[in-house]
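Once you scroll down, you'll see the structures, which are given as structure tokens.
Both complexes shown next keep chain A, but they swap its partner, so chain B is in the first and chain C is in the second.
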Partner chain A sequence: MAEIDKKTIVLGTIGSDAHMIGIWVIRKALEAAGFKVIFLGAVVPQEEFINAAIESNAGAILVSSLYGMGPIDCEGMRQKCIESGLSDVLLYVGGCLVAPAEVAKKWQVVHDQFIQMGFSRVFPNDTLPEDIIKALNQDLRIAE
Partner chain B sequence: MDCHLLIDFGSTYTKVLAVDLETETVLGRAQSVTTVDSNIMIGLRNALDILFQEHPEMDESSISRKIASSSAAGGLRMIAIGLVRELTLEAARRAALGAGAKIVGSYAHELDEESLQEIEANPCDLIMLSGGTDGGNKEVILHNAQALAELKKDVTILVAGNRVVRSKIKQILQNAGKQVVVTENVMPEVNEINVEPARAAIRDIFMERIVKAKGLDGAQTYVGNIVMPTPMASLRAAQLLAEGTEDEAGLGDLLIVEIGGATTNIHSVGYGYPRDGHVVLKGLPEPLAKRTVEGDLGIRYNAHTIYDLAKQSLRDNLSALNYPLDLSTVEHITQEMGVNVGYVPDDDAAYLLDTALAKTAVQVAVERHAGILREVPGLEDLIPVQYGKDLTHIKVVIGTGGVFHYGRYPARILAGVLYEAHNPSSLKPKNPDFYVDQGYVLYGAGLLAGIHPTKALRILKKNLHQL
Partner chain C sequence: MNVRCKRISDEEFYTTRKEVLSQWPTGKDIDLAESVAYRQQFPEKNCAVVMQKAKENNQIICVPQFGRAPFEACLSGLQYMEDELRGFNDGLIFNIFSDSYTRKSNFALAQKGLDRSIKDGATALNGYPLVNYGVAQTRKLQEAIKTPLILVTADEDSRLQLEIALASGWSGYSSRTLTEVISHCKNIPLEEMIRHEQYEDRLAGYYNERGTPVLSHTTSNLTGYDMAAFHIIVVLTQIMMSVEQGVKHILWCHGINMNLVQDVAMMRVTEKLADYYLKQRGHHDITLTSTIYSYLGAWPPNADAATGLIAWNSIIGIMAGANAIFLKCADEAYGTPTKESMASATKMCKQLIRLLRNQTLPESPELTLEEYMIELEVRAVIDKLFEIGDGDLATGMIKGVDLGFLDTMFSPWRWLKGNVLMVRDARGALRYLDHGNIPVPQEVIAFNKEKIADRERRDNITADLNTLIQDVGWASRLKD
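Up next, the complex of A and B:
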């Protein structure tokens, strides 16, 4: 398999979720930090994230979900990555992953649920873009 | 008269079914014990002698064509290998089941030493190797091909994985002296199932190699090729009956329940998409014609397993039938049945127990076959999510197998398919009509479907008896 391009990132909002503002902000921040962003926009199925990562040899897939259906939309994504030859791809997820009332009560439970599903990192909806960039640099071993 | 003879070399009995294509009727049927250990033809001859004795109007010269299937000598035993359990392994398993195989082993990810030893020791007829989408992961399937190359046993390997490494895998296995057949990937893209080429390949391998390896080829001079495993014929008949042909309407989506001594098989035809637009459908797409085999739910060999597995359901079913004996007696009888598998009930209590065992087997088997609905919290409401097929709308449920014929309460057995209010997540049929495959014509119609689909369908429809 071709060497991954650490500076290429696939980004989009998953499932039937039409929210764009969050990923738009992240896109600008990533580009400013020197990343190449494959921007898939909103309402993106799992397969489209994976195909974009295969085509671009991306170093990471960033999944946004803001309408509370994160667990349904993200389930099985790591397994599909494995079949597609992306066993080790970095997989981040962030946003309002479940209903807000649930998040307030038990963020740790939500976090662990997504880690269980095979995500590399899970971010709450108050994450700042620089936190994401820091995590990417660390996980991809990019010298800042 | 245009008499076609449809033969099933079964695991226990060799069955013959004579049909007249001119009148589209069943002329007669007979069976005799399968004789695979000596000469497969002896059992067939015995069955034919019985048929001709009971129907003196027929003899050898009246048969214009013979078509045969087989599930003798252990049936078609397959091992399925994939990468991710829920994806390529599941796709491989579905391809195998749809081809009428019995799955005797399933392995996901890299085969380790222990798995290889298991495979070596497991008597199987065919190994199916899948893994990776086309252009996707190739390391694991290559590793597994290398591992299989080390096997000492002589077994055919069907490769149905990542296209990119197909020829390399063929080479690895051929260099090791293995019989290899290569076909299309069972999962060319994530979540895209492609089981038909693999099913066709399995059928060819069965016809060309496995029949011979099992010593069933002695029948070929008389019957021609044994064209498919019997369960594949049944699944074909199910699909024909649901879809119909240009000249004869089908019955629409349906469910067939096949109860045997060692297994309970469920066939469903229909996509089973959600009935309600708000329901989110998840998981691997389901095949239109789906077969599942429950190797732990036969009503003789596994009668005691049914007792252990579903004691509460069995108890409820027995008390609904006013069964006179207590549960410890039932435990004892089910143990006896596993030893004396030829057991036939001889009084009403015994018939009632058989009915309860069969109904319990059906309940569990259909629950495993049917889709499930669960609710997941969304931003405001609970969101319904469906996995598998929704069978709630199915109108036609058909029972086949001995217990529907010698048994006294076929409708009570089929009631095991029904949706249960206390278990609303299991999407079982809500308000179906019940039928019995009266003349055991299901497999025969499946064999005939390849050459005379409309006639096969009409014969099949005529032999369904509504309860």
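Up next, the complex of A and C:
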């Protein structure tokens, strides 16, 4: 297997979710920080994230989910990565991950649920692009 | 045969209908004649009737939005809102959210979410799985509440959802083509979307013709960051398309950008041109009412900050003379709203209506100029669509997308060029930084440049992509 390219990142909004603005802003910030972004847009199935990561030897997959059905859309994704030979790929997820709002506000519970699902990091709805870049640099051991 | 802006034949309608009803087992329970008889039992609990009366009586209808997967949770949430809002001024229509799998016609996945919701006792879906519940159950929901219901959460193919909703006594739906593909779709060609919508509009026409009116909510919610003229172009094309199928009662709707003068100008120009184009095309019996949809960009997670947005959206709607207001609530940044939060937003909006109902934004040179520029752009683009379509609007719309004459930012739809860039001017109105290939008149381009230059001078910046990124987060940022 080819060595991973730490500066290549796969980015998109998962499932039936059509939200574009968040990933658009993250894309611009990542590009400005020197990353190459494989931009999948919105309404992206798990398989498309994984195939894009295989083809580009990406260092990380960034999954956005804003419409509250993150658990159903994201479950099994880590397992699929492993089956596709991406056992160690960094897998981030962020947004408004669960429905309804009264559950979404219990952030620690939501966070732990996605960590248990195999995500490397879980980001809340007030995350700034620089928070993501900082985490990527740290996890991929890129000197800032 | 290519899709055209003309009424579909009964043969095509009934042939398509067989396919639509076979999309999920609950489809087979729908009998149109029986549904007409059922609907006639509720002549007053009807969105079209409520909107017409509101317009006549200078009332503004609030449209709270709610949806949960477990039936009891959905029903009790709606009843809670009715109880909380009893005694407040003016009327209500409820928009019950369908979950996003239902919107995408993925009824098997909606079933999985529904089963999980029942097992866990909490909703795993972001709305009510209308198709999975079907007519018998959804009629129970409709009968248990007093407020008329509208189906707004649609997607590229909502034909079965609409069949079930209308057969269950709901009385409104979203008639939409361009706004749908631009806000929610990825792959569907416009031609196919238009065919789906023609079916839905014809279904509404079927009920209209049998004395049980249906309100067609013709939306331009788009991506949440779209030019005022583009909003109007989208709404006008949809109105002109839908009336050919027998749509009679239209509630046109704009998602707003939250700049008072520009949003009010957008509403006023729409009112003027909707009337103009309908009459020009020989339609004299259409009732038109207007509404705004709360800001569709990023909302702040802080509840007090979000409350400010709700109030400001409501005020813009009232000052623009809207007949209805679609509400979001303080939960918006977190997801599917709670009943408490939605009831609270509605109460605040109703109080603002009480205070402001007799006020509209006064005439001013600024408003007049804004209306002039918007109208100039809208007419130029609509004329162009008829020209490239050889007089047929459907053809013009499809070619218009291909040529980039119809364009905006942030769409997930692969067919849209996405060559347009917009920033806010010194007063917060949206202006073209790059109008792409839209046939915007020179006078309007010059006006946009001048307005951006005002901001550049004031803020000592050169407007570019970074300005745009700042502007996109403008409403949700808590610190500057």
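Here is the rule we use: the second predicted complex is superposed on the first by the 139 of 144 C-alpha atoms of A that agree within 3 Å, B and C clash if a C-alpha of one lies under 4 Å from a C-alpha of the other, contacts with A are read in each partner's own complex, and residues count from 1 in each chain.
We adopt the following convention: contacts are C-beta pairs under 8 Å (C-beta built on N, C-alpha and C of every residue); 3 or more make two chains touch, one makes a residue touch a chain.
It should be emphasised that the depicted structure is a prediction, and the values quoted were computed from it without experimental measurement.
Looking at the shared chain after the overlay, A:54 reaches chain B, while chain C stays out of its contact range.
Of the two partners, chain B and chain C, it is C that touches more residues of chain A.
By the touch criterion defined above, A:118 reaches neither chain B nor chain C. In the superposition on chain A, A:102 makes contact with both chain B and chain C. In the superposed pair of complexes, A:126 makes contact with chain C only, with no contact to chain B. Of the two partner chains placed by the overlay, only chain C lies in contact with A:28; chain B stays clear of it.
By the touch criterion defined above, A:72 reaches both chain B and chain C. In the superposed pair of complexes, A:85 makes contact with chain B only, with no contact to chain C. In the superposition on chain A, chain A positions 67-69, 71-72, 96, 98-100, 102 are in contact with chain B in one complex as well as with chain C in the other.
On chain A, the positions that touch chain C within their shared complex are 13, 15-18, 20-22, 24-25, 28-29, 41-43, 66-69, 71-72, 96, 98-105, 125-126.
Every residue of chain C that touches chain A in the complex is listed here, in rising order: 68, 99-101, 103-104, 106, 109, 112-113, 116, 122-126, 183-186, 223-225, 297-298, 301, 331, 333-338, 341, 410-412, 414, 465, 469, 472-473. Those residues of chain B lying in contact with chain A across their complex are 83-84, 86-88, 131-133, 135-138, 187, 189-191, 280, 282-283, 376-380, 383, 385. On the chain A side of its complex with chain B, the touching residues are 46-47, 50, 54, 67-69, 71-72, 75-76, 79-80, 82-87, 96, 98-100, 102.
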